[in-house]
Amino acid sequence: MSTMTSDPEHGSVRPVVEAESISKTFGGVNALTDVTVRFLPGEVHCLAGENGSGKSTLIKIISGAEVPTAGSIRISGHAYPSLRPQQAIRLGVEVIYQDFSLLPNLDAAENIALPLLTLEGKRVASRKRAMKIAEEAIGRAGIRLDLSTPVGDLTVADRQLCAIARALAHNSTFLAMDEPTTALTWREVDSLFDAVGRLREQGVAIAFISHKLQEVFDVADRVTVLRNGRIVETGVPSQYTHESLSQGMTGRKSTSFPRSSAVWAGKPAALRVTGLGRSQLFEGISFTVGQGEVVGLSGLLGSGRTEVAEAIAGVHPADTGHISVLGEECDIRSVEGAVSAGIAYVPEDRLTQGLFLDQPIGDNLSVTILSKFSRAGRIRARALREASRTMSATLRIKTRSLAAPVRSLSGGNAQRVLIGKWLLREPAVLVLNGPTVGVDVGSKFDILSILNAESLRGLGILIISDDLPELVATCHRVLVMRGGRLVDELDSANLSEATILEAISA
Amino acid sequence: MKSLLSTHPRIRRAIGNQEVLLLVIALVIVGAVSVRNPGFLGVDTLFNILTSALVPFIFGIGVTLVLIAGGIDVSFLTVGIFAAYLSCRLFPQADGAPGALLSIAVAVGVGVLLGLVNAVVVLGARLSTLIATLATSAIFLGALFAFIGGTVISDIPHGLVGMNSVSLVRIPLANGGTTRLSALVIIGVVLAVLVALFLRRTIAGRWVFAVGGDEEAARRVGIPIRATRVLVFAIAGGIAGLAGIVQVAQSGRADPTTFIGGELNVIAAVVLGGALITGGRGRVRGTLLGVIVIQIINSALIPLGIPAIWQQAVIGLLLILGVSLQTIANRVRPIRAILAPPASSVPIGETV
Amino acid sequence: MKSGSSMHMSRKIAVVGALMATLALAGCSTVSAGSSGKPAAGTGKYIQVVKISGIAWFDRMKAGVADFAKKTGINASQIGPTTASPELEANLLRSAITQNPTVLAVIPIDPASVETALAQARSKGITVVTHEAPTITNADADIEAFDNASYGEQIMSSLAKCMNGSGDYAQFVGSLTSETHMDWANAGLAMQEKKYPGMHRIAQPFESNDNAATSYTKTKQILQSNPGIKGFFGDSSQDVPGIARAIQEAGLQDKICVFGTGVPSETKQYIADGSADGIFLWDPKLAGEAMLQAGKILASGKKLSAGVDLKVPGYTSMHQSATNPLEFYGDAILSITKANIDNYTF
Amino acid sequence: MNDQNQGARMGRHITARILSAMGSRGSLVRLLVVSIAIVITFSALAPTSFLTVGNFEFLAQATPEVALLSLGISLAMLAGGIDLSVVAIANLAGIASGLVMVTPIGATGGGLALAILLGVAVAVVCGVINGTLIAGLRVPPILATLGTSQLYGGIGLVLSGGTAVSALPTAFTDFANITFAGVPLIFLLTLLLAGLVAFVVTATPVGVRIRLLGANAVAAEYSGISARRVTISTYALTGGLAGVAGLIISSRASSADTNYGSSYILLGIVVAVLAGVNPDGGHITITGVIVAAIALQTLSTGLTAVGVSSDVVSIAQGAFLIAMLAVNVYGGQVVPLFRRRRFRRAVEPAPA
């Protein structure tokens, strides 16, 4: 904490937004502890940190989407113990949320214009005016976007562009961008950075959140590193190298990870996918995951990587192609079918797709093995509880009781529950979509260790992720998707963050 | 069926369009009845259907608003009859055009007040709209009977009678009688236009869609959620009051038991018209079509000679058919394409 | 649920089976008979349970209850559910039984649904009198204003006279499950088939759900699909106002005859311009009072017999039904036309 | 389970599980306190008519049908749906078994058992149809069951020919009046069925799956739970409960009819919500349903006993619902007396 001091450069310029000693707890877990950050006009201030370090929570508190547990937000000199979103916008705070926070039933033009028209106190919704605002906004950002399509029907990349355009439509004094490039190609990222540069020249204070190191070096005037909800250090980019920044974010010297290269050669592949395709979404997907092998599947948001995972998992089955598990061809028409074939899937969105938040941890763990632990239509409750308890202990899930709802757990522990429920089922292949998103550093290490241990026991693992250090650290091979097709395969010889980044956002 | 629909985009588009589907259903029924009973296809049938659709349509507009905002209101019928009955009780002598306007204004005003009560319960007790309006409708109906009265008023204010007796069109019929379209229909048309304009052309109307589409996202971009909710309940209450007084004017009597138990049928018509029960989507035009299709079904039964005893079962079956078709139509909405045209880089094949 | 500890599937099936067996066979046990002695006729409460509270018809009947209380000094009251729903009425009835009245006067929505409750009341020594339930078995007496068949025949003969004995007509009933409505409709039909072969009923009776809006809508549809129709016969008091409104709107006042049950205040406007031609009814005030008078006689230990005088106009010399000895009917049909409608204020 | 000791331990465990599934204790305690307050109030206000053995016997006799229908609705709510067709199913079951009972076979003991089984079977089939529409065609539950409610009612009307099916065997009609030590057999039967439902939802795989499906349908799908199978089982169970309720109704009424019980649909929802069943799914409390059903019945009987009109009763029921739910929302803040240690529920998702 010693590094966070008011450094001399701040002296004369008055900050636009200051977070003062902000703390925030969720269900007993500290998401932020005593965080103080100042955002100066005309400065791009990067908040760097791993998933789960508290960056997004800080931004949500500044924008009024969350209420802090302690501390205050000072905007243009006035301190506010908490803000409402409307109030924050009125004070010039604008945010590009990580989840975009768009209105799916309205078209892009309206998504961009409605907040501004609301702010201006307009009463009549003029289509012409909305189009004008939207066109100006996308022009300012150098974006191409179909403005009259309902946002719910746009691709992920276009939705991200729409969220960016909405933030730019408003002449704000403070703009926070939370992972704004996850779905964008290089060309789009370049024009976004141009727009950021122009805003900086106009004196807007910009908070830029990213876990991609290169981006931090590309745009930042100042960097603040967060780890586990606390500020670790702050400084200018020239003070850092990739390695030192990465070490600040993770708290470890190296992200390298103990990993065996032992693929169980000679045995049938844990998963073999041949010519998998689904109309309009992806086609010609062929790859294998050996027993004991960890394979990464990467690509931008909206590249089709999730769709391929969900086809394998039976959520949205493929139209064409073949899937075999341990050498046996299986016709996967449903999740049930995939599960009984030996495929387990940890979905992307833990909160809505993975967990039953208000239900007991024990039930979340045992949902996959209810039938196995029943006799004559009745659950063998004791045996089931034993199995859950053992798994909970193995995965070191921190909770007082398995009867507590999952909602009471931190992100890392919740993710362990999700992985544990599938490990209880003893699958042949485990497909994980973003296994460490929203997970604190300690848990991330633990989770990757668990996966490593399972792979050593012969489990085939497919990780869908765009967390580059994680892919580099854990995978034997990384497959890259773009526009619904597999476009590259990086094996251990040429696997690095730079090569993956180049392949996914070409 | 799934593969058939997904391989034929044109079929998918046609079925995916709710309103086209409703029109087809309506035409099929009218066609079927006309074959059996050629007299069905006439101006009088049209007028009958329009007349009987008027009150459900006005109620339906209010329901549409609440559904778009992401709620389900089941109190609208009690609000409607409460407001209309109270209006008749308060000003029994309302006479002529000014009297009619007074009766309408009072009913709408009472409706707005009751709508605000709904809003207070929903927002204050943080209840789901369905549960809250279930409770308030029990209270409204009880209060109507206990404190205002439950007897039928057969001598309603003359202003209302006069309003109903003005004919837009009057056409002689073969049987020596005449058929006519009451000027009351104008109220429905005007209201439909006003509400459609409100929803499309005002910022507050767009808020309604925003709140129903994704409440949290709407909150984050600074849309006043609570104010929008209160506004929706107030307007829906006022519309229900209007529907109630139109019903009284149409029937020439104020009967507190008129609507008992009909709530879900109106909601069904609105949903049939394309409003999403989960919020964020709905339009006045769709509601009109939904209400009319249900009225066509109802009025087809007698000309088709379906025995009275079978009518309920037939209506149930048609209702199930309607909502099933709607659900299927919604399910075949197009997916967002990802697949780019073949790229220059050659996809890697089975390299392992 | 302690037994749940060792409950196998087979045990569960056994339990369900036993349950079914109990349901099926345990019916033999008898209900404990009430042993409380009958209170004297002049003391204790008299409770009248009606189909629905707050409507004009039963408000008028309430006036009869008040008259009875004033004349006799007996504590008599009327209760009824908010909506006309059989289970609400049955529950209200059962909760009235717990108040242990001397006489229960019941006008059931669905006579069959109150039989058990009435049996229970009688087993407790409560005197039970019904109305509009000529087939009732668990009552001390059923008081009807008139013979149902002759009521239906009277409506039919007026309708036939108006239609000159020829042409199509339609019948409405409140609901197809309403016993008295069906009796009237059937008696009317039987008479027409015998005496007026030139007339013809279209289809089965139409259901109005005792709702004037429904009878209005259906009448419009009937007019439209049966252009030649000449008459309407309505059994529910809500039928004539609805039918007449449709006739009035179509301007067919002089071409179509409308007769049926009706309340003067609700039909006056239609009788005045000829869109309704005549209504029939009995005065609910008198019927209500007659029920309680009969209850008073029965509670004092006397029996009703043919010719008994209930001291209420129209019920001064009761007839005993040939089919159900419990049923007694009077001569209380009111026939109302344009000429005499102004004499009635309810 | 060879070991007796182990069996006993398991017994305790299952008992504990069932008890815990019977409700979050805080809201159940509140409900109990309020119910007892109702009893005390009316005992003081109307000792002669309320505080009698007959009255409590009446309460125990009047509650079963409402309690069973509410249990059915609660199960549908547990799975995240709703069933508006329970009353129609109950009546159809009553009519179907009544029609068998009035045949010569029905007079025999075996025939009676057959008739009863047939009634329950019909009800289960109705439930399966509901479940198929909801899970197979993905029609929203509120619309699907609204439609089937009309359909089942209509079929009942056709089967019964429009008149009540009466002259049922006395062995059947007396059943509703049998008492053990003053407690009606139908009340005991209701408790037994409630126990069975509690067993199903806590100690069987399908019960756990119903709860998880209701808690989060998407997560259930991703966990490999077959929404179709589980939904159909749920509605079949709901149908079965409605069927038993229908048999109790026709036993009590000595007849079966289609127009019976229309007020029970909303009452059933009110009971379920009052009990603390989450209408959005994932939580049920069997004890709460029974207590709430009795509480509402007591409230209305008590009000009738003190001579209040039934209109005021419905006001009181609506106000009671709002008040209890408001207490559940604000209770923690306003009434620290009732506060229980519970896991804090963060409104927002965990930090990202």
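Here are some notes:
When the chains are written out, they are named A, B, C and D in that same order, and each has its own residue count from 1.
Everything below uses one rule, namely that a residue touches a chain if its C-beta (ideal position, glycine included) is under 8 Å from a C-beta of that chain, and two chains touch if they have at least 3 such contacts.
These figures come from a predicted structure and were not determined experimentally.
The chain with its Cα centroid farthest from the Cα centroid of chain B is A. Counting C-beta pairs in contact, the chain pair with the highest total is C-D.
As a whole-number value, the distance joining the C-alpha centres of chain B and chain D reads 31 Å. Distance from the chain B centre to the chain C centre is 35 Å, each centre being the mean of its Cα atoms. For the pair chain A and chain B, the distance between mean C-alpha positions equals 42 Å. Residue positions of chain D with contacts to 2 or more other chains are 10, 14, 157, 162, 203, 262, 309, 311, 313-314. Within chain A, residues 377-378 each touch two or more of the remaining chains.
Each of residues 7, 12, 53-54, 82-83, 176 in chain C touches at least two other chains. Interface of chain A with chain D (complex): residues 24, 26-29, 31-32, 51-52, 54, 56-57, 66, 98, 229, 313, 315, 334-336, 338-339, 345, 347, 351-359, 363, 367-368, 370-371, 374, 377-379, 381-382, 403-405, 407-411, 414, 421, 437-438. Interface residues of chain C, counted against chain D in their complex, comprise 1-2, 4-7, 12, 15-16, 19-32, 53-54, 77, 79-83, 85-88, 90-92, 94-100, 110, 112-117, 120, 124, 175-177, 179, 182.
Partner chain D is touched in their complex by these residues of chain B: 72, 121, 124-128, 130-132, 134-139, 141-146, 150, 261, 264-265, 267-268, 271, 277, 309-317, 319-320, 323-324, 327-328, 331. Within the complex formed with chain C, the residues of chain B that make contact are 37, 39-40, 42, 44-45, 48, 51-52, 141-142, 145, 149-152, 154-155, 173-180, 247, 251-253, 255-258, 260-261, 298-299, 302-303, 305, 307-309, 311. On chain B, the positions that touch chain A within their shared complex are 6, 200-207, 209-210, 212-214, 216-224, 280-281, 334-340, 342-343, 345, 347-352.
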